[in-house]
Each structure stands twice: as C-alpha cells, then as structure tokens.
Amino acid sequence: MSLLRRNWLWLLALVVLLAFPFLFYDWAKGRHSGFALTLMSEIGVMAIFALSFNMLMGQAGLLSFGHAVLFGLGAYCAAHVVNLVKAGTIWLPTELVPLAGGLGGLFFGFVLGWLATKQRATAFAMITMGLGELVSAAALMFMGFFGGEGGITIDRVMDTSLLGVRYTSPWQVYCLVLAWAFIAAALMRLQTQTPLGRMANAARDNFERAQFVGYDPRRIRWIQFTLAGFFAGIGGGLYVLIYEIVTFDTVSAAKSANALLAVYIGGTGAFFGPILGTIVVVLLQSGVSLLSNAWLLYVGVLFIVMVMYAPIGLVGLIGLHAPIWRAGRLRELLLPYLRALPPALMVLLGFVLLVELTSFTTIGAAQGKHFAIAGRTIDTTSPLPWGIALVALGLGALWLRREARAFRLRWDALMEDAKRQAGAS
Amino acid sequence: MEVFVVSLLNGLVYGMLLFMLASGLTLILSMMGVLNFAHASAYMLGAYFAYTISLYVGFWPALIVAPVLCGLVGAAIEMWGLRRVHRHGHIAELLFTFGVALIIEKAVQMTWGLLPVPYRVPELLDFPLFRIYGTQFPAYRAFMLLISALMFGAIWLGLTRTRVGLVIQAALTHPDMASALGHNVPRIFTLVFAAGTALAGLAGVIGGNYQVTEPAMAFTMGPIVFVVVVFGGLGSLTGCFIASILMGLIQTFAVVFDVSLADLLAKFGITVTASTPFAEILTVTLPRIGALLPFLMMVLILVFRPRGLMGTRDT
Amino acid sequence: MRARSGISILLGLVLAIAGMGGASAQQTIKVAYTDPLSGPFAQVGDANLKQMQYIIDFINAKGGALGKKFELVPFDNKSQPSDALIALKSATDQNMPFIMQCSGSNIAAALIDGVNKHNDRNPDNRIIYLNCGAVAPELTNEQCSFWHFRFDLHAAMKAEVMVRALPKETTKVYLINQDYLFGQSVQRELRTYLAKLRPDVQIVGDELIPLGKIKDFSPYITKIKASGAQALMTGNWGPDMNLLIKAGIDAGADLRYYTFYAHLAGGPTAIGAGGDGRVLSVMSFGENVAPELGNKEAEEFTKGFRDKHKFDFSAAGYRTIFEYLQAAVNKAGAVDATKIAFALEGMTIRDFLGFETTMRKDDHQLISEYFVGSFKKGVKYDAENTGLGWATAATVLAKDVDQPNTCKMKRPR
Amino acid sequence: MSAPAIELRDVRKSFGPTEIIRGVNLAIPRGERHAVIGPNGAGKTTLFNLISGRFPISSGTITVNGKSTAGLPPQEINRLGLSRSFQITSIFPRMTVFENIRCGLLWSRGYRYSFWHLLGGQKALNAEVDRLLDRLKLGDRRNVQAGLLSYAEQRALEIGITIAGGADIILLDEPTAGMSHSETDAAVELIRGVSEGKTLLMVEHDMSVVFGLADRISVLVYGEVIASDTPAAIRGNAAVQEAYLGTIAA
C-alpha cells in the first residue's frame, strides 16, 4: 500500500499516457492517429535518451556532444539482432529487442568510454564531439554494419512475442515503448540512489575530493558512461521498433544536440526535468515544424530566453513554487499569473506574427503558400498585419513589464511569508 | 615534386584561412571559457556583409567594414547576452551561443535567401599570379595569405606591445586571475569577444568568395574550427597557428597518398581480400578519410595530452 | 478592457493553429510532399516546392482529375528518415493517396519500406509513394515495390546518359564521387558504361571523398591535372560539387566537368562565369530546351514561372509526374491508391516537350528522354542571373536509357 | 615494533627550477599526533600534497603503513588507510551534509562502484553516518546543501569527510584556519576525539592548538625539517626560536 502511495505519480502518468492517444482517436474510421502515436512514441524514446544523457550531464557533470553515437550504435545492434531473429538464426522475443540495443550501447559505451572518460570538462566534450564526427562519417562509409546511406531496415512483425502481440499497429508499439520507457526511467532513477550514482554527483561537485575518499574519478566516469550507453541503447532499440529502419542520422551530432537541449530546457535539477524538456523539444521539432518554416528560429529564441531568464530549466521554475505550495498559498499566485498571461501572449503573438510575416515574404510566398489566419488569407504586402504585429509586440512588452513588477512584489511577499512559516514550524 | 609544391601552397592557404577563424575562437575560449558555437556564424555573416557591401561600394571598403560590423554584432551579443548568462556557467553560455547560431542562420536565410549568393573575387585580383608546373596560382590566394599573415602580425603586436594586450595575455593563461589585475574585466571580455568575432568576420570576407557564400557555410565550418583550437591548445596563439597550418597541410597531403592499411599489410606479406575480417576498414584509402584525420588527431591528442599541442593548461 | 483584447488575440492564435492544421474541404486530391524545408539543405525542398506548386496550379487549371483539384501538403523532414516516416503517418492519418519525395535515397528507402509495411497492415488506407528524384538504382531493382513509382532516371541511367554525351576526342577521364551509397553507385555505373559504350576511354583516376567534409578541393585538382585527364565525371552535389568546380576553374585546369547536379538551384551561382563552356550537367529539363526545339507552348509554360518567381525553372519535368497522376486517377475512376497504382503501371504519355515516356510496368521506373546541358554564354534563358545558361549539348531518347532491371514485383490481389 | 605509519626518506620536490621540498626525512610512528609547523611558504601544504599523492615526488621515497606510495594515485594512497583534509575547504557543495559524509564512508565500507545497492536501504551505513553527524554537531543540518553551511560548519564537515572512512592515518591541513576562538576550541575537541587511537599529522598555524594537541612537532623551514621533537623540546630549541618562533614572539 505504501508502495502505491509513494509511487502514485508514476501510476498517474502511466494512466494519462495510456489514455492520451484516445484524444486523437478517429472514431469515424475506428483507428488511432498514426501521427499522434508515432509522435508520442518518439517522445518516449527521446525521453529515455535525454534521461541517459542526463546521467552524464546532470549527474556526473560531463557534457557530451556525441551521446547519439551510443543511441545510434545501440539501434544498429538491435536492427541486426532483429534481422537475425527474422532469419531464424537466433530467437529473441520482440519485447526484448530494446535490451539487445541496450547491450550494444553498453558495449560501445565501454569501448568509447575508455577514450572519452580519460578526461573531463571541456576535453571530454571535445573528445565526444570528435568521436561523434568519426562515427557518423563511418556510418556512411562502411556498408557492412551500417548499411550505408540506406541504413538497415527491419520488419518488427516477427511472431516471437511473449504476449502474442504482432506489433502491426502503432498502438501496440506505443504500449511497448511506454512499458520500456517506464522501466528504463525507473532504473535510471534508482541508479541515482546507488553508491555509483552518488559518487558521480560527488565527482561532479569536486573530483579531487572524490579521489581523497578512495574513489578513482575516471573509473566513476567510465562506469557511468557505460551505463548511460546501456540506457541510450535501449532508446535506440525502441527507435528501431518504431520506425523499422535505422540510418546514419541516428548517430549524428544533431541528435546529440537534441538531448542536450531537452535536458537543459527541462532542467537538470530534478530527475523528471529531461522528460519535460523532451516533450517541449519534440513538439517544437515535429509539431511546430509542420506549421512554420521558421521553427529553427523559435528554437533558437527559446534557448536564449531560457538560458537568460530560467537557467534552472522548467522543473527549476516549478520547484521555485515549492515553498509557497508547502505554505498552502499557491492559490494567491493564480491571479498575478492570470494577469501576466494576456500581455505575455500578446508579446508572443506579436513576435510570432512578425517572424512569420518576414519568413513568409522572403521564403514562403514563393513556395505558393497562403498566409492564412483562421481561414482568412492575409495580404503580407499591406502594412496592416505588420503594424498589428509591431504594436502587439511593443504594447505587450510594456504591459508585461508592468505586470511582471506587480508579480515580483506579490511573489517576494509570499516567499517571505512562506519562509517565516517554515522557520516557525 | 610538382604535386608536392602545389599541395604545399594549397595547404598553406587553407591553413591560414583556418587560422583566421580559429585565432578568434582561441582568444574567446581560452579567456572566457565559452565554447562559442556562433563563431562560424560570424564567419558566415562576414561573407554576407561583404557581399552586400561590395555590391554598392566594392570589395575594398567591404574588407574593412564587414569585419567591423561583425565585431559590433559580437560586442552586442557579449554585452546584452553572454554577460548575463556568464554567471549560470559554461553550459549555459554554450547553449546561448548555440541559440544565437540558429537565429543567425535563419536570419541569413530570410535576408539573403536559401541559395548561394554570387559573391565574387574582386576583378583586381582575379588573375593567375604565376604558373607552377602548369597549374595556375590565383592572385587571390596570395592575397589571402598576405591578409592572414598581416593579421597574425597585428594580433601578435597587439598582444605583446599594448597594455590591454598584456592583460589579455595574462588572462589567457590564468583566466581566474584576470580580475586580480585590477582591470575592468567585463570590458576586456567584450573587447576580446568583439575582436574574435571581427576576426571570424574577416575570415568570412576573404573566405566567402574563395569558397561559396551560402547559408550552410557556418554549419559546415563549425566543427573543424573547434578541432584546430583544441588541438593547438588553450591559451596559445602559436599553438593555434601551428595547428591550423598542420590541419591545412594534412588534409591537402592526405589526398595525394593513395594508400590503405591493406597496402601496409601487403608489405608484411598479408594480403587482404574481401573475406578478411574488417576488410572494409582495411581497404579504406587515405584520401577517403583525409577530411576526418583532424577529428581523429583531436581525439588522440586529448586522450594522451589534454593540454593540446602548445596549450598552457589542460583543456 | 486590455485583458479582453488579450483574450481575443489568444483566441485568434488558437484558431490560427487550428486553421493551419485542420483539413480544408475533402474535395481535393492531396499529395503529401516531404523534403528538407529547414536546416542546411532547405534550399532543395524550397526550390522543389515552388516549382511543384506552379505545376499543380497549371494542372488544376486544366481541370485536375475527376473534377477534383490536386493539393500539395508540405512536410519538413529535415533530411531525416524518421521525420519522413512521421510525415507518412500524418499523410495516412488524413487518407492522402500520395506521398512525394525528391531528395535523398536514404529517405526514399525508408519511405518505400514504410509504405510497403503500412499498405500491408492497413489494406483499407493505402498510399502511393511518388519518387521525384531519389536515384539509387536499388530502389527500382532489389528494393522495388508496387507502391513506389520513380519519375526520374536512376543513377545508372544518368551515368549512361553522361557516357553517351562524352565527345569522341575525350579519351582520359577522372572520376570523383562522394563516399556513400549514391556516390559509390555512380562510380560503379560510370565504370560499367564507360567499359561498355566507350572502351577507348581510359579512367586515369577514381576517387571517393567523404561527404560534405572537404573545404578545399585544390589538392584534388592538382592530382587530376597530374593524371592528364581531359574530363572529370562526378555525381557530387551541393558544396562538394560547387567547391570542386570552383577549385578547378581557379587553378586554370583544362578540364570538362561532367556533373549530375550542376544545374540545380545554387549551382550556376557558385560556378560563375569561369565555368563558361566547361561544365556539363545531366538534366531532365533545361529552360533552353523548349526554344531550341521550337516548342512555343512549353516555352510559354516555362517562362510563366520565371516571370512569376524570378527563379529558374529547372524542374519543369515534374509536370510529367502530374500529367501521369491526372491520367491515372481519371483512368482508375476513383481516388483509390490500389486502383491508381494499377492504372499507372505501363502507362505511356507524350510529355509537354513532345517526347514519348513510359512508366515501365516491371519496375515502376519512368523511361523518358534526357538532356545534357552545357553551361554557356549567349543562351536565351540564363541561369540565376549569371548571364550564362544551359544549352542542350545532347539529347538522349527514352529508348536509349531503357536499361534492364532485376525487379521481382509483388502485386496485391 | 611495526613500520611507522608514515615514513619520508630524503623526499624532494621541484616545480620547474625551484626546489620546494629539499630532502625531508620524517618518520611518524603509529598512534602519534604530529604537527608540522613553519613559516609561510616553507612547503607544509606541498609536503601534504606529496604524502597524499596529489603531486608526484621528484625523488626520495614515501611509505604509508609500510608500503611505498611511488606512482600511486591519491585514491590508492587513501585505500592504504590515509585520509586528508584541505586548507581551502573541499567538500561536495551541491550535495547534502548527510550525503557528503556518506560519500566519505562508501569506499571503506566496501560499496566500491556498486550500482546495485540502493543507499536508502543500507540501514547500518546510514545509521553510522547519522552517528558521525551527531559527533560533528551537524545533526540538525543533516539535509542542508553543504554549499549553504557557515564557514565553521563547512570546516567541521571537511574534517567529517576526512575521518568518515575510518582511515588510521589522518592528515589535517590547517583545520582551524579562519575560525574564532570559541570555534577553534570546539574544533580542537573534535580533532582530539576523532583522532583517538589514530595517527594524526597536521599543519597548523595556531600555536595553542599545536602545543595543546601534538605529541611531537616538526619544524619545516625552506623545505627542510630543522627540528622534530616533543613540544617541550621544540619550545626550547634555539634554532627553532631563531628561525620561526622568534619571529612570532616578536
């Protein structure tokens, strides 16, 4: 019972995630939305990947520019294993394919980790960047293992399921992804509470001190790196099952960068930060990119805003509310937040409109697109929309400033009260 | 022999271009600890600015104005962005520059379009300077060599003969001591960042027409610059210089030697056939991986000598 | 008062997103189009999208098919197969009968595989993959699929076109290709067809270069010159081609450059006037083809795009794709992927330039005429305002590129 | 009689051309509380760094519990049973006080690089950490981030991490530096308590601490030990008076 009480958040998340795809269910045709399911599966995979990246960055203070190498190599291993299973050479249940990827990641984590973990800090980052470049170049050159440009394709319908599921529909795959994502996340969470996990924190904070309590920081880094490789490989194995293909872009620097962005946006302060960040990043990349050509610009702006105003990440921002919540006065923040919302939206809208108008006049117009809002085509050559955008941006900014000041006052007062209350109790 | 001489010249030209790009990053990375991902974006901006300016007033004013504009952009980024981010640590700074790089790329696409722009070598320099074994050596390449040599001299003089230069030099080797020297550290940071960006811009001005000016040029130039800086070693301009030339020469000469590991093994009487294990790797010839050698060298040097070639401290 | 305006703006935003994402009337035949629209290769998708849109407008003005209009729905795949597959899912969610993709054989392979599996698993919601430019020969040989139709000659055919266009005086050639699947197959096919069609030609050098990593090609030029080659044959694209040719021109090398992609957007700008008479490109269409043939209608069609967009119309050949679709949908009598696919098989059409084309039944490979253009001064339509343009140096007819195939087509019952 | 806890034989260390430690010979028997004193720049901290393996020695030999430390990295010297503190506080600032101490304990309790033990479930270990925290008078600061502690508390934590592993040789580098009188007294009591039955080697400037705690004192001047004797003898040593104590008295 206490187990249930302690882990209610996990259970709730599971229920919500299982129910969520039904929001997009096409009742008329009686089928799930493949797009929504694939996107959510992608989020699941990337969440595992981001969490494993955080094992290095958040826990051990190691910034890797080549983490996707472990993800991708794990995926290649899983793909080869699936093809062997399909050919009847070996037997492995479909459900355990991600484990094959994990073992692949583990192996390469061990080998590449031997090189990379010889150093820390910037040197580590640069070694991983070099390894990333080398492996992604090799992925194009060597046909045997990587299948060249075309990659390795698989058929996930292997009829070796332990549960008798054929995995023909995205829904079945999604459930598998969900299961593995929960297992992997739980394992990674538990790993933070092991001696290795703690010593990784310690070596991050002060690697020299870690030496003088008997630990070899390099060994800590190496094992941590290897384990992170294992989990990244699990992600890779799931990736193979979702897309049924693995190509060189899974080992690319862009993939590594995604993990870094997800972890940073989500925040390294709490275990769930990277998951939150992943959701934002995947939605930005796969969702916003459908709507706007300028999505990369939004990503850029988002980073700059996050780095400048909220370097603690989304969970950090949420965490700031904890004292007030504990004091039971979170409700009093509701109104200030609501008041700040319209100007914030105004700024956002003004900015988005401006970017879209510019992007549209310079690039989009020629592509034969119509710039439409609510079904009405907007004439981008007339000054009206530009004026609206500028006014919204300017007024919104001024208004937001005012509200922000009021908000700040209220926040400080509440914080003060909360502190006093906590001190008294 | 003729291949050797021509390759040497080409390697030098490319190496010097790399040095122009990398010298600015060495200053920024060594002193501020910022892994500046927007550095190659400054290179791109330099090329585009120069293109636009040269449309109106010609190449020669652009040679001065475009780097200055880049420097101003750099100063603005440092003063209104990086400085605020600085206290959040190096990863925050890195991500900030990453965001800036994305924005610059998109801005360039929106301003100048997605296609390459016809940024050409100025007519004054558009002639073959001399012929060597039948191969023309364009005057523009000699000009590039000249500019980069001048720049190297200018930096060197600036660092050794001026007061600010001496402070920067001290800060290069001991960044944490910079504030103890009683100087206005933020201003020096801004100066260094702006100067580094301007140097990258200058590299863009003379490299943009030597290569192709297009929105992806920052993306393709980015990693190699980091390699040069790290290989040369933090805090050492000389190391950066040597590393640049070395990388230029290696990539040039790797093309010339058509050998593979299999050839090497053949010398020892082992023949590699398609059925040999790892035959695919063994038969790769040097030119095929020439462009990857810098990365390989960087990994190796960092593993065994983390301070790089001439670095004053560990990376 | 202010708050209310904020809320109404918020409402507008929500509506805007809903409006963009939501489907408009089901009266159109939707063609999902996926190519890189952002990032370093954005120019590829961007150029295609513009030209495709013009063609669709033209086809729609001629009545569309079954009284419905075609509609192009772009999806950005960021050059990543996984994103292309997400686009495929999106397209099938909305029951689109076609997905089109032009750039990248890796993405094409992923799409063929994805489409095959999707159609197997969802017989009631099938989709056809229209390949408008992924040219790995495997795609219509080993990997051929009933659901895949390729509307561009594959690399082996282009290689043959290139070899056929090689003048008699040229006896020494040098091959440079990118070190990945596509480059390697170009290398292989060029060797095959040189041996077959031009046994007199000697290959004095054969080189693979890492994809997109080389910033200075001068050392290669040195090597090529030293080999005494008269012509350079390359399948390189993007910077790997632009920088190669630039370096050659800079060094004053006396070479002809035979390329696959010099005519594509960005190429002429990068090459510049120095390439006069030296650069040749294998192309499905060139703007000067129509005036050279004296085909007024085709010239008008091409010029219309130029006037509208101030942009070269290198992809007018895509018009053939939509003429095929128009005919096939009409023939099938319903917007049903299976029926349309059967209708497309073996279809022949006289394209807008007046040549016979066939969608081969055995492997779903379009067999059409092809051109080799030479980058020259003094042509009617210049490329990218460089003053130089593509004059037709050779025309190879469909029958000459009708290479055999090894496809074992599996058709649905 | 077994080997001395620490023995230095003709130990030298140079940084570039300057020789900082110039042939030090020192043997510290088991169970002794030994203090190293000397003027600033004499090389006391360098000596510590050499013994604990932070820097390699240029020549000579150092043995810890009878084993040579030549070529050993700090962690392996630590595993020989030697633990040290730092002059400039060196703790794990982003972890809680409790976790700081526990990190000091993990290796010696045999957890090594385990990723299969959950620390929450290690009752005996956690109880031991809590006992130690109480001894350090940090019990009520248990769950505070170490970086947020006061200076004196951080010094106490530093000593706590040093002794947590139960090493039988403890090196303390200026444990009371920068403390007030009352804090110093508390620290001295703490050190006396935790070094009970162990070998203690400390560098200290506060003479009352030195003479109150040490069984024997060595005087290091310009990288050489000029005297090594009981506190009483050192007090009466003329050379020491001249080289060091005299300057302080003056």
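Per-chain residue numbering starts at 1, and chain names A, B, C and D are given in the order in which the chains are listed.
Definition applied: contacts are C-beta pairs under 8 Å (C-beta built on N, C-alpha and C of every residue); 3 or more make two chains touch, one makes a residue touch a chain.
No experiment lies behind these values; they were computed from the predicted model shown.
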| item | value |
| --- | --- |
| Centre-most chain, if every chain is reduced to its averaged C-alpha atoms | A |
| A-C or B-C - the one linked by more C-beta pairs in contact | A-C |
| Geometric centre distance via CA averages, chain C-chain A, whole Å | 34 |
| Where chain A and chain D are represented by their mean Cα positions, the distance between them in whole Å | 45 |
| Chain A-chain B separation of Cα centroids, rounded to whole Å | 32 |
| Residues of chain C whose C-beta touches two or more other chains | 42, 46, 179, 210, 213 |
| Of all residues in chain B, the ones touching two or more other chains | 109, 114, 288-289, 292 |
| Chain A: positions in contact with at least two other chains | 137, 141, 143, 296, 363 |
| Touching pairs among all chains present in the structure | A-B, A-C, A-D, B-C |
| Residues on chain B engaged by chain C in the complex (per definition of touch) | 2-3, 6-7, 10-11, 13-14, 109, 114-118, 120, 128, 131, 134-138, 140-141, 211-212, 214-216, 219-221, 224, 248, 251-253, 255-256, 287-292 |
| In the complex with chain B, residue positions of chain A that touch it | 57, 63, 115, 118-119, 121-123, 125-127, 129-131, 133-134, 137, 141-144, 253, 257, 260-261, 264, 294, 296-297, 299-304, 306-308, 311, 358-359, 362-363 |
| Chain A contact footprint on chain C (complex, rising order) | 2-3, 5-7, 9-10, 12-13, 15-21, 37-39, 42, 46, 49-50, 53-54, 56-57, 72, 74-76, 78-83, 85-86, 89-90, 92-93, 104-106, 109-110, 113-114, 117, 121-122, 125, 136, 138, 179-182, 184, 210-211, 213, 309, 311 |
| Chain A partner contacts - residues on chain B that touch it in the complex | 33, 35, 81, 84-85, 88-96, 98-103, 105-107, 109-111, 113-114, 223, 226-227, 230, 280-281, 284, 288-289, 292, 295-296, 298-299, 302-303, 306, 314-315 |
| Residues of chain A touching chain C in the complex | 26, 29, 31, 33-39, 42, 137, 140-141, 143, 148-151, 153, 155, 168-170, 239, 243-245, 247-250, 285-286, 289-291, 293, 295-296, 339, 341-343, 345-346, 348-349, 352, 363, 366-369, 372-375, 392, 399 |
